[in-house]
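As written, the chain order gives the labels A, B, C and D, with residue 1 at the start of each chain.
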Amino acid sequence: MTTEAPQSIPTPRVEAPREVEAQVFVAPQWKLVWWKFRKHKMAMVSGVILILIYLVALFADFLAPFDPGLTNSTYLYVPPQSIHADFGEGKPGVYVYGVTSTVDPVALRREFTIDPSQVIPLKFWGRGWEYKLLGIFKTNLHLFGPADPAQPAYLLGADRLGRDLLSRMIMGTRISMSIGLVGVFFSLVLGIFLGGISGYYGGSWDQLIQRLIDFLRSIPSIPLWMGLAAAMPLQWPAQRVYFAITVILSLIGWTSLARVVRGRFLSLREEDFVTAARLDGASQPRIIFRHMLPAFTSHIIASITLAIPGMILSETSLSFLGLGLREPVVSWGVLLQDAQDIRSIATAPWLLIPAIAVVVSVLALNFLGDGLRDAADPYTR
Amino acid sequence: MSHQTLYRFASLLILFAFLLGGCGPAATPTPAQEVPKPTEAPVKPVATEPPVPASKYSEAPALAEMVEAGELPPVEERLPANPLIVEAAEVGEYGGTWRMGMRGGTDDVSFYRILGYETLVRWTPAWDSIVPNLAESWEVSDDATEYTFHLRQGVKWSDGESFTADDIDFWFNDVVSNTDLQATMPAWLTSGGKPVKFEKVDEYTIKFTFEVPNGLFLQNLASPDARSLTNVPKHYAVQYHATYVDAAKLEAMLKEGGYTAWKDMFVAKVVQADGGGMGPYNVAGRPTLFAWMVEEPFSGNATQVTLVRNPYYWKVDQNGQQYPYIDKLVYGVYQDIPTMLLKALNGEIDFQMRHFNTLLNKAVLYDNMVTGDYHLFNLKEAGSNTNVIMLNLNHKDPVMREILQNKDFRIGLSYAINRQDIINTVYVTVGKPSQPAAQEGTPFYNEQLATQYIEYDVDKANEYLDKVLPDKNADGIRLRPDGKPMTIVIEIANAFTQQVDTGNLVAKYWNAVGILTEAKSEDRSLMYENKNNYLHDAYIWGGEGGMNPILDPRNFFPNGNESGYAVGWAAWYQNPADPLAIEPPAEIKAMIDKYNEVKAETTFDGQVAKMNELLQMSADFFPCIGISTVPPSYGIAKNNMHNVPDEMINSWSYPTPAPVNPFTFFFK
Amino acid sequence: MNTSPLLEISGLKTHFFLDEGTVKAVEGADLMVQHGTTVGIVGESGCGKSVTAYSILQLVESPGKIVAGKILWQRPEATGGDLLDLAALKPNSREIHAIRGGEIAMIFQEPLTSLSPIHTIGDQIVEAIRLHRPVSQEEARRQAVQMLQRVGIPRPEERLDNYPFQLSGGMRQRAMIAMALSCHPSLLIADEPTTALDVTTQAQILELMSELQNDFGMSILLITHNLGVVAEMCDQVVVMYLGQVVEQADTVTLFNDPKHPYTQALMRSIPKIGQRRRGRLDPIKGMVPDPYNRPHGCCFHPRCDKFVPGLCDQQEPPLRKLKSGGMVRCVLYGE
Amino acid sequence: MRSYILRRILAMIPTLFLASIVAFVIIQLPPGDFATAYVAGLAANGDIVSQEALESLRADYGLNEPVAVQYFKWMGGILTRGDYGISFEHREPVSALIWERIWLTMWLSLVSVLLTWLIAFPIGIYSAVRQYSAGDYIFTLIGFFGVSIPAFLVALVLMYLQFKYFGKVASGLFSDEFVAAAWSWARIQDLLAHLWLPALILGLGGTAELIRILRANLLDELRKPYVITARAKGLPEWKAILKYPVRMALNPFVSTLGWILPSLISGSIILSQVMNLPTTGPLLLRSLQSQDMYLAGSMILVLSVATVIGTLVSDILLALLDPRIRYQ
């Protein structure tokens, strides 16, 4: 009975849960990623939160009840006004009480007392300040606001110039949530390009780029920012400065992405399907873009997600140093600039609320990135 | 120093005679003739100094112990024959530590304003006349060219060495005249472009001689300009001076200290020729004439600096107690304001009026007065405006230059600003709308200068602007003659929150009248670089010269590079050969001539009259736009600290609080 | 010699509970290992043979779980000699820790990845010895050297301080075996021990295992998809398909007279020496079905060429004992 | 191993050379120079400085010379005499200013790294071993929290709360009595007592990344066959995990030391500014603002060197931990 040649039934390496793969073979990659991603509950929740945050950013001016730049000298540092509701017949529905204020000439501030006789009704689909919805339609329709747009309602309080914090926070979502995207986009281009060269060609290219990364990482980033930010020409409008700052951020940010890309390239280079493509005579760009890049797109997406929070936080740090975005641009970092003195913390703690927005979005992005990363490589378990 | 500072103090002197008789805001000016004129400054000491028998002098217990132990000569021997008697409002007790906060780097002012103001003469606390200090008496020639000073005899440096005319001789010949240490003679030591001549008459007599009359010299001596004069102990300074140390030894010293030039070492160990710098506070036990001497010195790494009483301090109170009352000063070195503010709130700062006392912080300091056991005192600010918007009349772009130089354009912009709204929003209703001008109640008050074009009137604004830029594009933006939209970038130093806020509001108002305006806050050195080379469109800086425009006329005509609206014209005035110089139009030249007339006047009345003519010309020219009068600021003092006045003037020329004699402060 | 079986598995069911559904990786495994014998488990990839092996040692990881069945283990005299149901033990219990490595040892397919790359061979063997025996570090080391020598590793003293990546594939597997046998287990489970090796080394390793089996008097449960290895090594063979044992027989019987249609198909699908070279092999038709949707009735029926409609696809046939002593799960061999 | 270290050290040289150039260029980037900044600073005090004084200041410090000349003077001083130049603002040699601060910065960074590890390690292991469990979510949430809040804000709020409710102001790294004292055991204890809070705030910023790395690595390692081998040997579960996969996952952990240092140093700049810590941060910020060229340049250079050395140390440590690197 030993006449059979030792011939095997073709089979991959055996591991306990491998059995699942039999059917999973046929599913497309995105589906596999999705299946795995689903398991990370926190990432799922975060994904929903982020979609909401980006929707807020998209419809910010529709959601903001007041013009974020509108100052009001009678409501300097007015505390958040609480919402009351009374839906009886002839009743105002949802409303806030008005406040009366006096100036304390010694303490140099306004003192506020709630005036229950003054009822300021709020309503949905109210009219307010004019804006262009999605940059196209000129309108003054807002999700909610005081029924009479001239009456103030500061649901999250006001800042030192009497501007509505809620509106500013909503409007700030736009810049804060996009600064990361733009910055990451540049990091991505640089990171994939240089990381790809480093990982694919290896050798002296790899050495050179690795040294470059080492070098960039060894420079403390804050002096670098300070130097670059101060060097920006005066005549640049706020938008261009904003753009330039994202570029500055990405100048450092690309290194970590390049490392990821390089690592993936290094491991993929040895994979059979790449060898097969090479033996097939496929051109190098084809190997890289057709065969290798798709194999770790999910990794890249995960890395991007994880890079955005860093950018958001960098923006707040730059603002702290007075180097980031500046008024009248509204971003969370700019708003937090107001909160970062003892005076605000002691007497106007509501100015810290934008920090919650930062925390929530950064947390959500982190979890989302984690989920994506867990799911990025669907073929390992 | 710009040489105009020569003149700034003469008038200040007068001014405060009537200003500060009653500090209340309603104080009406007293007639100018009551004011002592600078050239009439007392020849004899003003303070009555009844001779006190030696036995009546007393000293701090710790010093008495040292005398007992034979470590120190008795107080009578340490004090000069005729110590300066400074009457304390309340006779104090010895003891205690005075805690303060300072910032690192160039914050020598924190020392200077508390203890470093020990010059030949000093301002009275009310800033209404000049009184003896290290000079016991002086004579001034009738043409104001010769100043002779008699030094207080027997004054000793804190190490017991005598302070004599030799020290001042060394200061003049080896410090301010040494080109290694000071490239050119400081402006206040020159007149008509010629440096002063110095002569040591005898051990205790010195003489300064000017070629051209200089009526402001005494006032300069009483101001921070002269702070190095009495701060160079020759016996100590020679060991760091290239002239007195042999080359090899100097080389070794430089090498050991890591210095590249001997100037650096001298500045670090002794003093900077112009008086600034940390030199006097960098070396423990450095000989000094100040009330306190350095114990733990300042350095770039210091987290605190301590100073202890100078046993040889040469002032006593009315009971013969040697000053200072307070044993020790402790300065915490803070990197940033929040910690300093928290220390203040927590009652860990005894008296301070720098760094954290911003208008914004007032509310939180006010709220914590009880827990911190301190109170606030008032500082009356000497400025001419909260914000001076300087449009660059020397703009490099010819189109912009022509527009900005058009007075109608500036008038239009001025009408476009809602000043009351800015006051209500940024300054919590304190102050009233005003252009940059001398404060009401001074002899320099010019109603037209202060109040022209300050109403908020958009129609008028458009009317004036239409005269200059009638065309608008589809977005309502006015177009320049070359068809480009009219844009203005207002630069603001980002450290000044209120000016940043004002700038943003101004930008909003100007946008509303069709001028595309952006307020740009930036690091102040960046702003300065742009301003110095007139690369800006406009910038905002606080208004100076509100109490005496003769001393600081920057906002009224282009006198120096702080006149940011016309740096090129100012450069021409300073030196027509300057590469930055631009020849000004006749109007400006007339103002420059007028100012030279002011300087040529030897009497204060004459100076005021000429200056008022100049101010009228300035009002007609309308060089820069202001917002509002300056609200008072404040400082904090612990409730157990006595002799702290409830109100002081706050100025640099009168280096608050030094003239109110911090050595008389005490704890009880 | 003890006549009761060393290991008896009956009705073992191990399922994996995944979000996508429940995978019944083992759905009725019955087998028996007698003292001193070698039993082979063969089957295609995904047939549940590895999971069965892992189940014995309670090594099935979450979300996998043994849901039914018994794994009766005859403990050696030294540890009481009683009969223990391993399936009832908790995966983290002290008993199972004592049995793992001590009474039942296991070796794996990839000796490189199955050995920690950053610990020396010696470290890993000594650890195994000291886990189960109260000996000193020195003594354990001495025993480890002895073990390495026994499995034919030259200069064992030196090798002890080497890292796995410094050894060749064959040497690594020898080291692995040395580690597994260091505590003289009664049963060695070998999970595809030679798959990753080249043919010559394979033969050496198999020979070594036979030798050691004789020396230590242990039983071997050999999991493989290689029928050649089975033929060479095993006394008994268990054929698994889709989580079920479909046939068990002694090796000679199985190869000469396979009963179950699956076994028969398996035999046809492998080349034999002497066959005409150009002759095509006869692969089993169809694909292994989706493990989430096991076919109703006999799970092999969609691929079976002896499929009886209305019978095979209706009810699952039980495992029946044959006169030859073997067992088969097929309606063709009813009563 | 020796040749490996040697190679790495050689590779450092161009990196450091580049770093020195960039350090110098950074300070040259903003318009103006120290003289401008100095004069603007005086102007904010009310003082007026004439154009001539400005020029003489420039002449004093050679600010009118070409940048390249200034660079080579500075570099030449460092390489030949260990002379880092003079701080314009402090009028003190740079070397007198920075070393104590760098020492404290390194302390702060080290304690932060340790705290980061202390927090990230158990959380990372737990959340990998119990992937997708409630504990996984809760602990990673806590771990990520630190990275989500800007450190300076946390510091400010904590300082205020400490003042408000405990009547204490956290400031500096030493109590008053130890500020000027010589180094002693008591002073070190005092330092640690002041250090932990800033170190914790700082460290929290790095935990998230570390947790993520550890978790991801451990998830990979947990699936490796050698873990099953370890279990099959009879190792108890926790021992099997700690000895094998955790030990493996530790390698990338160690290699993080290299990149965590620069981020900690950058982070500590702002934090030190807020919490008034005498580290390099505030001095660096200040010198950048005042364009105190040699001081800023030297500090950037020294910090760069420190991070490059940090990377080297972590690589060597990695080689010691991982025989696969060591034997190659």
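We take it that a residue touches a chain if its C-beta (ideal position, glycine included) is under 8 Å from a C-beta of that chain, and two chains touch if they have at least 3 such contacts.
Worth saying up front: this structure is predicted, and the values here are computed from it rather than measured.
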Core chain by centroid distance, with centroids computed from Cα atoms only: D
Of all other chains, the one whose Cα centre sits farthest from subunit A: C
Geometric centre distance via CA averages, subunit D-subunit C, whole Å: 54
Inter-chain centre distance, subunit B versus subunit C - centres from mean C-alpha coordinates, in Å: 93
Approximate Å spacing (C-alpha centroids) for the pair subunit A, subunit B: 48
Sites on subunit A at which at least two other chains make contact: 15, 39, 230, 341-342, 346
Residues of subunit C engaged with two or more neighbouring chains: 54, 59, 109-110
Where subunit B touches two or more other chains at once, by residue number: 338, 342, 345, 495, 523, 526, 530
Full enumeration of touching chain pairs: A-B, A-C, A-D, B-D, C-D
Subunit D - residues contacting subunit B, complex: 30-32, 36-53, 55-56, 59-60, 83, 85-87, 89-97, 100-101, 156, 159-160, 163, 167-169, 171-174, 176, 179-180, 272-278, 281-283, 285-286, 289-291
Subunit A to subunit B touching residues, read off their complex: 69, 71-74, 76, 103, 105-110, 160-162, 230, 234-235, 237-238, 322, 326-328, 341-343, 346-347
Parts of subunit B lying in touch with subunit A, wherever the complex brings them together: 337-338, 341-342, 345, 359-364, 366-368, 376, 421, 424-426, 428-430, 489, 491, 494-495, 500-501, 504-505, 507-508, 518-523, 526, 530, 535-536, 631
Residues of subunit D defined as touching subunit A within the complex: 11, 14-15, 18-19, 22-23, 25-27, 29-31, 131-132, 137, 140-141, 144-145, 147-150, 152-153, 156-157, 159-160, 164, 208, 212, 215-216, 219-220, 223, 225, 258-259, 262-263, 265-266, 269-270, 284-285, 288, 296, 300, 303-305, 307-308, 311
Contact set on subunit A toward subunit C in their complex: 1-23, 35, 38-39
